[in-house]
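Structures incoming, each one as structure tokens.
Next, two complexes with subunit A in common: one pairs it with subunit B, the other with subunit C.
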Partner chain A sequence: MSLSNLIKNWSSLRVKRPYEGQYKDKDYKWAMVIDLDACTGCNACTTACYAENNLPVVGKEAFSKGQAMHWIRIERYWGEGDALPKFPERGAQFLPMLCQQCESAPCEVVCPVGATHHTPDGLNSQVYNRCIGSRYCSANCPYKVRYFNWWQYPERAWPNPLEQQLNPDVTVRSKGVMEKCTFCVQRLVEAKNRARTEGRKVEDGEVTTACAQACPTSAITFGNLADSKSQVAKMWERQQIDLAKDKQEKSDENMRGYRIFEDLRTYPSIVYMERIRDLQA
Partner chain B sequence: MIQSTDEKDIEIERRFVPKAKDINDEIAWAQINKDVLRSMERPRLMYWVIFLASLALFGFGVYCEIYQYQNGLGVADLENPQVWGLYIATFIFWIGMSHSGTLLSAILHIMHADWRKPIYRFAEAMTTFSLMTAGLFVLVHLGRVWEFYYVVAYPNERWAWPNFNSPLVWDATAIGTYLTSSIVFLYFGMIPDLAICRDNAKGVRKKFYWLLSLGWQGTDRQWANFRVAYLTVACFLIPLAVSVHSIVATDFAVSQQPGWHITSFPPYFVAGALYSGCAAIITLFIVLRYVFRFEEYMTMPILDKTCRLTFAIAMVWTYLNLVEYASVWYGDDPVAKQTLLFRATGDYAAYWWAMNFLGSVVPFALAFKSLRNNIPVMLVVSLLLNLGMWLERFMIVTPTFAHGFYPWTWTDHWMPSWVQWGIVAGSFGWFSMLFMLFCKIFPTVSMYEVKEMVYHRFVARKARA
Partner chain C sequence: MKVHIKNILIWLSLCCFCSAALAEPFVQGGPIGSQTDDGFNALGPVVEQPIEFPHKTHAGNGPGQMNINCMYCHTYARRSNVSGIPRLDKCIGCHKMIESVRDKPRIKKLFEYWEKKKPIPWKKVHDLPDFVRFNHERHIQRFYFREHRPVREVCGYCHGDVGSMNTARRVKALSMGWCVSCHQKEHLENASTTKTSNGPNDCWQCHK
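And now, the complex of A and B:
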């Protein structure tokens, strides 16, 4: 029985992802759009993520060593070269970076124990109980959005009575396992269960991630790409971005939507909208 | 002019038989037994110095590992994106070290290179122990080492299998197979010698060797079976040796990171493995020759041949190294090219240039006969070559993390903490400790094969006379 299970898994592993119309008849494919023009770099999304997903605050020393556990991080860039004005004239621009939930994820193929794998609704999931901490997934991730539990954080980050603030819906991770953005999978599962009980599909806007919920400028839009009426699907459509393509054919050069490292053929589920700049002003 | 048969023979010998004989063929068989068995009795003082020093190093390594086990990998100063650090670099180093044993004992055995006979036994032991050390690094490196068996493909009640797409699973399988086979090969080759030990030992040691020698009597039938079995295992081992380091190379080549995603990595790794292994054989050759007074068996002509072999392999490695740089430089991947430039000019430039100097320039010392025959020089050179090969592995792992695809995660001046250095040092202690114990318990020079070397010459001389 174990062997038949292996053969079954093996054939499902060998399915080439993504393919044209993969989610056409499916109920869910979670995706996101981040409008960099609206992002002010306020870090509200990061804070919300820390609260929602039980992320440990690692402290100054570990942070400066690069051991921070921010599933979503605000990256700050200054202008470079002559074309763009430099600090302090024009200020910084920001890019919120989180797990791109790649359809063809580099981390999934290399995990020796299959602790990270693809779910039917298009998430790149991480199974903490299965993870042995080889960190190969992080080594192969081009975005470097996977975070490893270098320390036994439950003992350090939430001294009594702070453990009372933990979100009961989310596992507290022990030392030695890898973790990363889950698109707030606990919310998605809850919404799906509720919808199934009521005999319907999850409606657009019914569920959203903590970062999208907290964003004061609504720069982050989250939704179901398989539902063509959802806001996310409409935005992807408007930006002429096809999930299954590694090179988008756009009718208009000035279209703002893009996906990061598309040429690596990771097929990310997050579309970024370029910032609009007035270089003369 | 008509030459007599004798003169003709001498003429032929002058032309075709090398002047420097590998070992003195005047040695009697009984003397060989005596010399080798003596090495298991009373070594020089230096033996105990090396043994205790490695024991101390190993002890410190164990302390570091316990400290890391209890506190988490954070104590190693690993971070995002420097997730692997010295552990994987040193892992590749030890895997590489294990290759020359097989080269000497299996490949040269099939090619009938007689000069390998006095030195292949310790090279084979080196293979086994460095593989064990490499295996330890896999465990040290894991975040949850207590769950390491998830990687092994075994039928289990949870119906969960490892991910066969992952090079780490190939690694675990390949290393496990290679380790098992090389232990079997080492043991097979030792059986006739263990019987000699049994015949000369007393008390508990006699019982021990009696068990291990499996009732070897030296009958014709036993020798015939032994030859076939030994050759079979040798043939089985050769493809394994090539595959195991190719698979370690796929850990990097299969990933898509700049500086790793290179097609020539498997042969490059195998060449680097043979290179560092041969350099390690020179080091251990010199140590054993001194510590166990093996001057009669580990002779200068054999050292000379080992050095020439090392030089040839060094040149192959240099070529493949240049191929790697050229294929990145002329390739159409700007990110990989930038990572290469970062290696040559960035934070780790000093290590990179040191690695190229030690790996490609220092081996030219092996090209000069006067240097090849100078034991202190060779000891230093072989250690330098291995330092260069360790730096090579460090230069494969670290700069790619420091300067990968994503500019926001570029790090500068990342250096490992004392815990990592301690565990790396401890691994050297563990290896030397095991190796020294082996030399004390088992015959380090293959007695029966050295006798063959002497015997053939003896017969040839007798036939001429």
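And now, the complex of A and C:
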């Protein structure tokens, strides 16, 4: 950004994010809803993400050191096991964890080289060319969804001729850079381009992420929060969740929607719907 | 002493501001003296093509030149990311009707490929790195279809005046600083308004 551009946009750059009605007049704000009651923990979303975003399979040894590169992972909890002494294995709970695309992202402010930014449509972007691998962003991420390339993975993850299956719309990352979920930005860019040529906005359901597309129980819903008629916007509204608030006031205590670590004031773009279980059954 | 420090600070900040404002946007990327017409040391190499295709004859508008629209051959520029290199049957489609030039060496070579049923192995001249997402469609839709600027001018923003060359040569820098230098400009939205807009300034628009 040049000096003139910096001065011109100074007031908009200095504003505290997020604020009430930030995306009201904007075209896009990408957001997601994940229904934990529908999630079966099948890992189809993870697999789809590996295929779509050129994620390397790191192998058993690296995985055991916590170097796996899954941009979306299924976290497993055994919270309900104690209530079911006879069938403790029924107590497993699953939670797909991916980048929450925070509106006030802790990772963005600590990058020493400005490799991670907030895009106008509300995504938390990562530019691999600019990243120097300080890993500060990962340390500052409360969700631990940023993944570092400890090794030069491409040669061993896709030996010839497997490199033919790589997605040409996504960079193959090299050693020493940080990477994270992009909300499948390559699909978003393409959908926006198509819509623009036809002189309209992207319609609801026209574009979706790989994980949402692969989910067999439709637990993941993806869409444009700035469009009040989209499914995601309706779900957010029904769950009485406001993007710009760190504490949601709800009219009904049994409402299932929540955002993870809201009290850290990261203002995530993903709403989770709590699981319902009848433990007597 | 206090005044001293203040003075130094003012001078320092002045120096920073001036150097930032006056710094060349991008001059590396090629041997010194290989300057493009917009001031970047980034003139591309001469690329030897299998047939020395005269863009001049086809797209030029001088006497005896055909003044064909760039997008008659590079047909995908208006509807996809890449502009596309025309297939051999596009060349033959016209040239089998043009008897007068059939004996020229270049046309003979063209028909040799046609008879052997082999595509012409054209070499890439404008090559962007794999991590860049450039979209021809967006630029053509805006400047050619919406603003009705002349096609040679619109393509020429990035490709130079190919209509005056034989085989194309990269004459623009095609570097990030060069792209941004245009995206920062205040472009008039159309001829009848004073409203301006910039190109996108968002990393993920071009970086993938």
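Convention: the second predicted complex is superposed on the first by the 258 of 281 C-alpha atoms of A that agree within 3 Å, B and C clash if a C-alpha of one lies under 4 Å from a C-alpha of the other, contacts with A are read in each partner's own complex, and residues count from 1 in each chain.
One rule holds in what follows: contacts are C-beta pairs under 8 Å (C-beta built on N, C-alpha and C of every residue); 3 or more make two chains touch, one makes a residue touch a chain.
In this text the structure is predicted, and so the values were computed from the model without any measurement.
K.L.:
Looking at the overlay, what does A:Trp158 touch: subunit B (first), subunit C (second), both, or neither?
P.N.:
Neither partner.
K.L.:
Look at A:Tyr258 in the shared chain and tell me whether it touches subunit B only, subunit C only, both, or neither; answer first, second, both or neither.
P.N.:
A:Tyr258 contacts neither subunit B nor subunit C.
K.L.:
Given the superposition on chain A, which partner contacts more residues in subunit A: subunit B or subunit C?
P.N.:
After superposition, B is the partner touching more of subunit A.
K.L.:
Name the contact category of A:Arg196: first (subunit B only), second (subunit C only), both, or neither.
P.N.:
second
K.L.:
With the two structures laid over each other on chain A, which partner does A:Asn5 touch: subunit B (first), subunit C (second), both, or neither?
P.N.:
Both partners, subunit B and subunit C.
K.L.:
Please work out whether A:Gln186 is in contact with subunit B alone, subunit C alone, both, or neither, and reply first, second, both or neither.
P.N.:
A:Gln186: touches subunit C, not subunit B.
K.L.:
A:Pro120 in the overlay: touching subunit B, subunit C, both, or neither? Say first, second, both or neither.
P.N.:
After superposition on chain A, A:Pro120 lies in contact with subunit C alone.
K.L.:
So which bits of subunit A does subunit B touch that subunit C touches too?
P.N.:
The overlap between the subunit B and subunit C interfaces on subunit A comprises residues 1-3, 5, 130.
K.L.:
What residues on subunit A touch subunit B, complex-wise?
P.N.:
Going through subunit A, the ones touching subunit B are 1-3, 5-6, 9-10, 13, 62, 65-68, 75, 77, 95, 97, 106, 109-114, 130-136, 138-140, 142-144, 146-152, 174-178, 261, 264.
K.L.:
Write out the stretch or stretches of subunit C touching subunit A in their complex.
P.N.:
17, 20-21, 79, 130-131, 133, 135, 137-138, 141, 180, 184, 201-205, 207-208
K.L.:
Quick check on the complex: what are the subunit B residues that touch subunit A?
P.N.:
So the residues of subunit B in touch with subunit A come to 71-74, 77-84, 141-145, 147-148, 150-151, 155-156, 159-169, 172, 251, 254-257, 401, 404-406, 408-409, 411.
K.L.:
Would you mind writing out the residues of subunit A in touch with subunit C in their complex?
P.N.:
1-5, 117, 119-120, 123, 125, 127-130, 169-172, 182, 185-186, 189, 193, 196-197
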